[in-house]
Amino acid sequence: MSIEMQSLLQVEAVSRRFGGLVAVKDLDLEVRPGEIFGLIGPNGAGKSTTFNVISGFLAPTSGKVTFAGKALPGGKAGAASQAGLVRTFQHGSYVRNMSVRDNIRLGTLARIAPGNRIAKVREAADLLGLTEMLDEIAGNLPHGLQRLVSIAISIAAAPKLLCLDEPLTGLNETEVTTVLRVLNGYRESDGRAILLVEHNMKAVMKICDRIHVLHHGEFLASGNPAEIQNNPKVIEAYLGQANAS
Amino acid sequence: MPLDAPTLEISGLDAGYGTVPVLHDVAITVERGSVVTLIGANGAGKSTLIKVIGGLIQSTAGSVSFNGADCTRSRPDQMVRAGLGIVPEGRRLFGEMTLRENLELGAYARTDRQQVAKDFDRVLELFPELRDRLSTHAKSFSGGQQQMVAIARALMGAPKLLLLDEPTIGLAPVVVDRVAALIQEISEFGVDILLIEQNAEVALTIADFGYVLENGRVVMADNAKALLVNPEVRLAYLGV
Amino acid sequence: MQTLIQLGATALQIGAVYILFSLGLTLIFGVMRIVNFVHGHIFAVAALTVAYFLPSLVEGGLSAPIAYILASLAGIVAALGLGALIYLFGFRYFQRDLVGSFILSIGLVLLLDGVLLHVFGGAVRGVPEIFPGRVSIAGAQITVQRLFLCAVALVMAATLYWTLSHTKLGKALRAVSYDHEAAMMVGVPYSRIAFLGFMIASLLAAVAGVLLAPVTIVSPVIGTDYLIKGFIAVIIGGLGSVPGAILGSLFVASIETFGSYYLDSSYATLAIFGMVIIVLLFWPKGVLGRG
Amino acid sequence: MDKRINPGLFVLFAGGALLVSLLLQDFYLRSVLNLMAISALLASSLRFVMLMGELNFALAAFTGIGAYCAGYLNTALGVPFGVAVLSAGLVTALASAVFGAITLRAKGPYFLLIGFAFAEAVRVAYSKFDALGGTSGMIGIFPARALDDWMPFIVMSVVVLLLLAFYIAEHSDFGRILFAIRENEDVARSVGINTYLCKVVAISGACFAAGVAGGLHAFVNSVISPGDFSYLLAAFALAYVKVGGEDHFLGPIVGAILLVALSSYALGLGGDEHFLYGGAIIVAVLLMPKGVLGTLGKLRFLGNPFKRGVDANVH
Amino acid sequence: EEIIKLGLSVPLSGAAAVWGKGAEFLCETAAEEIRESGGVSVDGETYNFECLPYDNKYNAAEGTKVAQALLNREGVKFIGGSLGTAPVQALQSLAERQGVLVFTVAWGASLKGMDHPMTFTQMNTPGEILPLLIGYIADKYPEAKSVAMLNPNDATGQETEALGGKVWQENGVKVASSDFYERGTTEFQPIAARLASLNPAIIDLGATPPADAGAIFKELDVIGWSGVKVVEVGTGADGLKATGGGAAEGVYMGAGVTFDGDNVTDHQKAINDRAKAEIGESLNAVQIGFYDSLYALKAAMEMAGSVDPKAVAEVLPEVTFQSFYGQEVGFYGEELYGRNQQMRLPIIVTQVTDGVLVEVARLTP
């Protein structure tokens, strides 16, 4: 692996403010190929805002985002996703009135050659256990399955970096296990990486290689799961005494 | 109102979407002074049940009675006036309105102004992270913050019965603990609660009584403590 | 300089007219998400009713102002009746359905075109000045009639703004417009509020109609020009926003006034259309528009 | 994949329409048939843009641009029918691409009302050009004599061809993208689809057809005036879509056939035509919210792309 | 008896509906009169007229539909009258191919002339009215040396403006400005301000519809302009007074018809009263054309001894008939249009005096 591929995504001194509120402040982080990187923090810490900035849905107020060796233009969603950075949204990251099959196919349209799309849809559906439901209308599925559809859409785009915003909310234990298995499988091929925002601590601690904790938009801590779980600042601000290990 | 009547009594309920049936012959009771939880897999019909109780979906058979009065055909606003509070799936905030306005609307059906003002302060104490953001539009809040607003808004209605559809979705672990404590606290103040939670462990710990819903049918009904140790439940919903 | 003052005064007067008209449009859109092309006809019914009754009342021996008040009441009642009718049998089923409600309103426009022509005839009706006389303000000539109209427009805009932003009813109206189910879940009686909202908007149209009857050309097709200008005003200002409607109305009126004076009225019309597109280039939701 | 209209059925419909256009001898009925074909094309164009959730009221303007373009080319420069109509389509597509690129940042009611304003502005603009005949309009737009007898067939063929193109586009991945844009544009953007470009392409495609329809209109009527292209043109196109049923590809076609037939009948009623027409639209949308086809409903063989009704029976 | 269907292509909805309604009314009135007086007798056979009014909505597309319906569905061979330049062009183009005779009040230059042997004009047009009217006013107000003109931005307005400007100049009056406005405009203050800004001695509103003209004069009054007011082809005082009130006083019109003066016959009065009850307005020259065309047709059919449109068109320039205005009239226009296709109707100059329309001059061309 070449030197510049050492980091897939590099976020340098990124800030984003909304009027008087600084949602993200001087954020630095780096995601390397093959890893699952957790981004956690209290509600309103700036995680989704960070997603919006790196995926180009929002322009940063200042700072620089580099993906796969190229600097991304701020505020242009197309640039990031075409380069292979695909993100999901915290809510409703699928098309309600469309079949599951067409939803997943949507994911393939920009990045997969026409001939391979059908196979790719199948593959993503199989991975997430949606094969039975391909002809259902996504909006009629129970909440948990809708989440799986969102993940399938983004996986079908075969991104180099998959950014998932709370993919596990509303999933039951079995489904969480499925998703974690899928994510683990995904990063193992081709040096793909995953950037994960999630409040399900059990899952985060289980799957992440490294974790970065935000608080009020600022860096609070980083490290491997064990370090984070025992960091008193993190326990205080986020995990709560009861959830500390 | 007959004092001995349970807060909520549902029997023989069938409901669905268009021609697709979802709930079959569901019977559920929320006794006075209790926290009742509903657990079940994705798609079991939990949210659908909440919508039926709230009056957003009409049942095709069966009856719902609230505080002893029949309200099978009531509209949501009538239910709310009768003392129901709802934290719906998907939060359903008024995105273009400020936090303050959202909370004020939560108290729309109330006339006791002074008490409303007190409750306003109280919910802000519960979620201090919202305190400084009263004039922020609801849609600008983060996912978890919005969930807090939804809970706060429902509390502003001073309900007698609170329906909570996955209230802790998207909340940070510390806040989940806070909400769990809150549920127990308000229950002690005389608000009855019907709770849906994906995290069955938490739900059953808080609750007094639990129902297990499978494919739109109630398949188990027991004390929460009993369900918590029930091997079938543990296997299916607690992942152990 | 004198010309500029006179033109400025003219722009304000015309702006007031457009404000009266666009308040109702913006309210209906704000509450029900309906692009209501029938608004012009509700307005026309009020104006036509005034013009229809006024002459016979005056002939009957009533003094002009009293006859006008009576005729206006009749006009408002007629317009509200029409509003209630088309809400209860029509728009009720099309809330927040942009396309459905729009086509319904087009159907109603065609139907009412025919009805009004039959009921009132196509001829232009005269309504005498109710408040005769004129005043000179900073050298600009203004009729008392128009001044009165400006004052009413101001009061109505202020009242509506205050109602929407500060009263319980206003909050309920807005809540219903964002998510009617959620509104019901906090206890807002949705169907009643939506009806009320539509009726308030109809009332605004009716008041505009009776006020404009003495200063404009009263005929069954009177609503169309106001409708077009009114919609342009509200898109420029931002749909659903009262200050936006005011801003947009004044903007349209200024272009119309200055354009007609310095170019030619027909080019001014073109300029108004051109401006909408330019404004939306920078503010795709209108200057003061929201989500 | 999704269910499609049985190709056999398509051939049947198209063949039937073409046959009728060949066999019909009555002059009046031929003129009605031309009108139906052109209206169906316009309504389908409108519906195509509706797939991405926007109501393109500038349709009236673009139809006019097509008509005037064809008319000018033919009368002033002597360009023959075929070339004139094709150029009308191309010019209109280009104009609409520029229009779309500027205005498609606005959405929903804003886009609708900009289109409305644009249509009215363009209508005033024609009257400012003497070369276009001012407000009296252009006269003498004729196809070559030899084509005269074949006009209904030619019009029908062009319309069938363009409808087929719409059908193919709707059922392709492009159609999926449009549908996704309508429901949740962000998702489409997040996986790398340039939705803005897709929207501009969609509107220029739709307006190409509108331009061709305008060109045909000019040659069929041989006289055009600015008043022909008021916003009502788009309003009627929308009525065809709604009455026929917007969820279905055939909706606008069925709607155009029914309503044009009705209006031809109503034309004899003097000024009361509007009564009947307005009344019909109101009754249709109130009683058949999903249009005639939606109400006839279970026509399984007609298929329905992507969308199946999601009706929650909420209040 | 046999029926001859007369097609009418007129606006029956929208802003110009009154014209169409009045046209329909007068066509029917004339048809009824002719029926009562024994019909049209050709070759021993008695024919009667039936009016088929169709709504052309003032545009070419609807005009085409109407033309198709009248000519190809109803099989009409004579157009008793038609109104609106754009729809009439559409009608004419189809009618000429099918040899149908067309009467029209539309006055687009493109509609007249040698190329259109089957078309006849049933009303005075600017070519007839303006030279006489403007000459009359220039004579009466020799000190008035400048005019500001305004016309609606449509075919009618454009034709009027083109000729009007020329004739004013020929009469030694300087055209200070000449503008257009969109029909349907409701706010006339800026327009009035612009007209008044040049302080012209005369303001000429050309083909502006009476109601609009009234509104403009009212605003001019507020600004304080006073001078000679002209509406060249103004057709009636009702609309003018409805919107202009007192400001309508003194306005000159070239196509108005008064029913108050001494030389008004009982016949005219009676018809006008009925019309008022039916359409809410006094009759005007546009509508009266639809009465005269029936008598012209009757005369021509009887003279030709045929109801074939070609034959009728051939003799039409030769016939005379009793016009609604009272005189016996025929057709002329060869010098101006190349053929005698224009009805020779009196040019009546009227003025609003003390709130009523008064005939101040009747000039026969």
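In this document, chain identifiers A, B, C, D and E correspond to the written order of the chains, with residue numbering beginning at 1 in each.
By definition in this document, a contact is a pair of C-beta atoms (placed from the backbone, for glycine too) under 8 Å apart; a residue touches a chain by one contact, two chains touch by 3 or more.
All values derive from a computational prediction rather than experimental measurement.
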B-C or D-E - the one linked by more C-beta pairs in contact: D-E
Chain of greatest Cα-centre distance to chain C: A
Computed distance of Cα centres, chain C from chain A, in Å: 49
Rounded Å distance between chain C and chain E, as computed from the means of their C-alpha atoms: 35
Centre-to-centre distance between chain B and chain A (centres being mean Cα positions), rounded to whole Å: 30
Centroid distance [mean C-alpha coordinates] between chain D and chain C, Å: 32
Residue numbers of chain C (touch at least two other chains): 113-114, 117, 181, 184, 190, 266, 269
Touching two or more other chains - residues of chain D: 124, 127, 271, 273-274, 314-315
Multi-chain contact sites of chain A, meaning residues that touch two or more partners: 140
In the complex, chain C residues that touch chain B: 168, 171-172, 174-175, 178-179, 181-190, 290-291
Touching residues on chain B, where the partner in the complex is chain C: 54-56, 75-77, 80-81, 86, 88, 92-97, 101, 104-106, 108-109, 139, 153, 157
Chain D-touching residues of chain E, taken from the complex the two chains share: 12-13, 17, 20-21, 24, 52-55, 57-66, 68-69, 72-73, 85-87, 89-90, 93-94, 108, 110, 153-155, 157-158, 182
Chain B partner contacts - residues on chain A that touch it in the complex: 18, 41-45, 47-49, 90-91, 140-145, 166, 169-175, 177, 199, 201, 237-240, 242-243
Chain E - residues contacting chain C, complex: 13-15, 17-18, 21, 153, 179-182, 184-187, 189-191, 193-194, 197, 210-212, 214-215, 222-224, 238-239, 241-243, 245, 279-281
